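Pasting a structure below so you can have a look.
When the chains are written out, they are named A, B, C, D and E in that same order, and each has its own residue count from 1.
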């Protein structure tokens, strides 16, 4: 095999493919084949073993889990981790409606299955945004978001919902005493129709938002970036989801994106080292790089330098 | 070679059906050439002639079964009780209920024997309830001489019968709606002599009230059952007249030749 | 490609076999006065089959098993040199050797043992290829001459050839069985592992589906979270809506095309309708989500109904459109093959066209029509994309077509392509769902077969 | 023997021979008209929906067949392109034209030097615009050393702007094309330097992440390979199976099992076939991932039930008298089937094939499992190379954030439909040749 | 009521086919009951009897066409030239080439007229080149009395012919492979007298070289064409003997009754 094979996250897919294409055009190597299998699916394939039938690189929209790492090690795979940047998760609605200004607490109240009311956990009673806070519009809560099987949903729940839950004293206390119970509350999204699981096609969500101005959608920043004329990102905790805010870490709902390299294949499948180099060049992932055009939020300069060094040196990941 | 002058012995009785200048085309080829023929009421008219001469075609134009064939065009006038069945507002559905038909190849529906017979009466609403229907089915089967053979298996498929039984089933089916005219296209070609005799007897009975047109290859049969006979040849009616007269003293050479078995 | 060369050599021998076999038969028919049992080409086919089939089978078998044998060989060699290596490392090592031998992909500097192993691997490959060629060609020649010898006027060449064809047919029909076996096998182990984690009855009797809750290891998995009932209810609801759209439209279209329309119209309409079956489901998904669903929603609002923006109705209706051609084309074919004499019989009874159709033609064509409907229904059950895009993913247990539901297949796909973890009940649930769906449709088909049989026994 | 002959009186019991109720007849005729109307409505409904779908696809997608080009005066100086002065095509092809193009742009709009502004300026052109220059030079090597006006591809955003998908009225912040860029484009437009050309690259390129570069050829070839394998496997296997079951197999428990089994396979969701392919073809037989070879085999397994079911129905409909006729002449059962029954059943078999292949052509889910849902820029050269197929390409483009892919998506659907129509046309013509009523 | 003792006048000539204790079952119902019958070489044997008595069934067991019917079981021995056609290694396909068959309902292939006839010779390789084939087609059609009617449209579909023409086409098709025995199941039931006469003439001619078994409903026909006649009744052979003798002085009451038209 003389062609790099990459699997993994659908969130990283657009960035990975862009690098792959440029890599194929500017070097003598063949254009890598990039598969979109989802972060977990990618890990599964990636960690299955060493050899030409296994992929060389996997993308992930979350960090590798301990269990996955173990599996990799067991199968003789040693890996290098490369953090490539951030992806903001935005809440957005059609420009025909007014922009929402939300706090994480309000997000939690709008979407959690159970919320504390007068100190007791009850099934979410809020039907309209204005039920939560008078400042919010008096329209039905209708949120189109990713299904539980998606990495985006995972991140959203962890960053926004859990953040919101923590603002309640009672839940904060619960977190200390019974972490599991807390997570169950913080991570469970309501199922009474206010939250619509809309599949992983973000373009579809955007088109649905256009058709239904009352609805709010949850998706990655790059889709907001491309459709800024139609939809607007909600302000969360005072920060608007803009390139600068996310890059600076001011916008609270963002996550890191990664790819993982199979060290055993370096040197045997031609071009892996060069691909890593291309990915970690300023031309690609820098503040002015072409990935930024595609919607990737770059790491801070210092972090980039550090990751670049460890990536090009193929430092083994250890957990 | 063609002869459009039919030797036509006039009908003595009132005609039920009159065909005038009837030509039938299948696409470009002409199957019937300007036929003139009267069918007398309450008598049996038999159509004879060599294979392919257009007997079936003529028969099918009497109840507009030719409408079903895509490229078939019928010209001329055919009157039933003085009403043109092609050009007046006469509904072909009604026409076919009045002019029943039995085909050359037995074609029972792939349904039970009972349902085969009950099909027509139910369709036309000629019976009012289940008893009447059952009565009608039994009577029709009896008339067709089939009752004794099938009475124990009325719910068995009609297609499971032997060839002869199937044809009798088809006759019974046609009888069941009490038509005014019954067209029969070689109804007995698949029957044994006894069944044939029964059908012939039945035809004889029926003609007392109905008009019957029968296509047959058996001149004996024509002679036995019919009062008038028309001899077809190459799409024309060569000669038509009283059956006895036609068979004993044919006037046209071709008729003579056919009857005596000289040509075909 | 060396294998290709050998393949063509064998093919050449096969053609040669045909010519020789036929030639011998020609010669025989000239010599003896006893007539040959079969036509001449059958003797040619007979030798061709004998000459080609066994050797090609040997070649195929060889190519399947050779890598395994080669691996074992290399392994045994390496074991001596690298007794210290663990099993995992050894496989890696062998990978290296094989990659190195076959094209230079290497994960470390070639040391002596690898070089040696690679050399012997290559040697084995060459010997093996040579042996394969010798064996295959000599078998081919042997069978060629053997079968030529057998040719005599009494040889039932046609019967022999036909026997081979019927064996091929039997094998073909076995493929369906093997596929089923493969599906069951590829589902069953994961399913069993799933049932180790989730009790069987909680799965098939549970009324709450929410795979997320139990995903995280640091969470208490709600016992009701893997209840498959809402999924099956959703599948049934959507399939039902789909059939409500597709059966009338499809069947009436078939009737119109086969009984009313002229030849030209039919020749035009049928292929046009068949395009509906080929439009990718993504397109239907967009259509359902962006055109049909808002339409239903707006209409619902007008008449005071609360239609959710993702509804079973929108997905089902669009799916119905997609499968129209399954019903229309297949039914049209079977109705078209009802003999004209039956139509004649009915018209002659004074039946109108519609009466003829409903009372004679459809009953006569019923088994075929039922088959078409079953096929269409199967397609509906298996459809994913439209449901994901238009009916959402929320597993509501409801019979209200205006609400969002989800289906089994949608869940299987989402579980399999979404974020997954090794051995989590969530991923395994996809396999369990697959197997359960398999069983359910099996029952459905058995019942359908019984019903059709019963009906057919009555009228045939 | 009993005398069953009816007496004349029996006949007269039924009042008039014609008891038909005229009201009933009217009703029946009305029903007839209605029935016919239903049929026509059904066909028209289906055709209408199809038209609706096609219109929406075409209206969104037809613009993809055009591409905006900008005429730029490029100074093709010899030092950069051909420093050695060999004038050989290889050397000309190997040269870098990016710098020349950038120089030309800067010359056109002097006074731009901010890093950001430069990026914006260069961004007006497509990422592969320098290839347009190269091709122009290769076409006419004499240009080297002169200043030539060359049409180069505009970027996807500029392309969208000129196609009217980006409106100037939107506030600058929400616009992909900023005010400076608009001013440049206006300059180009007033100079008549904006032209539109047929987008040949769409048909000759493989996939790309840049909408203006993305083409469909890779997916078309992938589909072609995949479907060739599918057809080569499922048609003979399906027809042989159907023949065996319908004509040769005894009716016993075994054939019942096979029959139920085949019907059931039709209901197995397509993704499960993907799992099967993953387990059997990839993991067990070690066939390559993402290959049309495997995709074709998986789709063949998926299509098989459709073909078998349709073929069996078609075989069943052949009247037994035909079989008798052939057997009576001394044809063997095999000969009877292959000479007479099969040709008569062909229309139905082909219908099944059309439906099955149409399904295979539009299927994505099982390919997900065997790695064909992937970004593959290279055009596949063989059945073992990595490839995607048309529906996957559509799926991937539909999920891309870039606005430029919206029209590409629709255009790709149009290509897929064209593919389908061609495929069906062949089958329909064959089907017509076999069709007859008896 | 049953009578297993056939009144069997022994054959004078060499038998071509001998049937011994032949019973045929369709599933549970018995259609033939222990039939014993010899078919003489180079003569015409006709099978008569009422509808559904098993004539067709017997005929079909002579060339193993019953093998095709799933639940049909044939017991007993049927020898062709002394070889058991059921139990010896005789290939049923070859048997059917030696024992040709013409069916009750005309069943031309939906192919051209030419191809209908040419199919058999091509199948069995009885012709070596195109000219011979064309000759064979022409001759077969001539013998069946169809040549003049179809010679201009040999490439038109055989299904487009009229009923009678279709049946003659089927006869021509059977003749084309030069079988030793020809089985005819009511071959003339769809033919007009002239065509019938032609076929009868042909049968008479063919019997000089071939053995012919014919099922017919017409006793006149049986009398005209056949040398021996077997009378079937309810699955048994009641009486078999020289045609003249059987029709003039039947020995069994049932035969007598049938011939004189008393029952069926």
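We take it that a contact is a pair of C-beta atoms (placed from the backbone, for glycine too) under 8 Å apart; a residue touches a chain by one contact, two chains touch by 3 or more.
Given the structure is predicted, the values throughout are model-derived calculations rather than measurements.
Under the touch definition stated at the top, subunit A and subunit B share these contacting partners: C, D. Relative to the centroid of all protein Cα atoms, the closest per-chain Cα centroid is that of C. Per-chain Cα centroids separate subunit C from subunit D by 20 Å.
Averaged Cα coordinates give subunit B a centre that lies 54 Å from the centre of subunit C.
With centres taken as mean Cα positions, subunit E sits 48 Å from subunit C. For the pair subunit A and subunit D, the distance between mean C-alpha positions equals 32 Å. With touch defined as above, residues shared between interfaces to two or more other chains in subunit C number as follows: 158-159, 286, 339, 352, 355, 416-417. Across the assembly, subunit E contributes residues 93-94, 105, 123-124, 263 that each touch 2 or more other chains. Counting partner chains per residue, subunit A shows two or more touched chains at residues 37, 200-201, 204.
The chain pairs satisfying the stated touch condition come to A-C, A-D, B-C, B-D, B-E, C-D, C-E, D-E.
On the side of subunit D, the complex with subunit A involves touching residues 115-116, 119, 123, 128, 166-167, 170, 173-176, 208-210, 282, 286, 288-290, 368, 371, 373-378, 386, 396, 398-403, 406. Taken in their complex, subunit C has these residues touching subunit A: 88-89, 91-92, 95-96, 99, 105-108, 210-213, 215-220, 285-286, 289-290, 294, 308-310, 388-389, 392-396, 403-404, 406, 414-422, 426-427.
Across the interface of their complex, subunit D is touched by residues 3, 5, 7, 10, 13-14, 16-18, 20-21, 24-25, 30-31, 33-37, 53, 95, 200-204, 220, 222-223, 225-229, 288, 293-295 of subunit A.
Those residues of subunit C that touch subunit E in the shared complex are 37, 39-40, 156, 158-159.
Chain contact summary for the complex, subunit B toward subunit D: residues 91, 93-94, 97-98, 123-126, 139, 142-143, 145, 147-148, 178-180, 198, 201-202, 205-206, 208-210.
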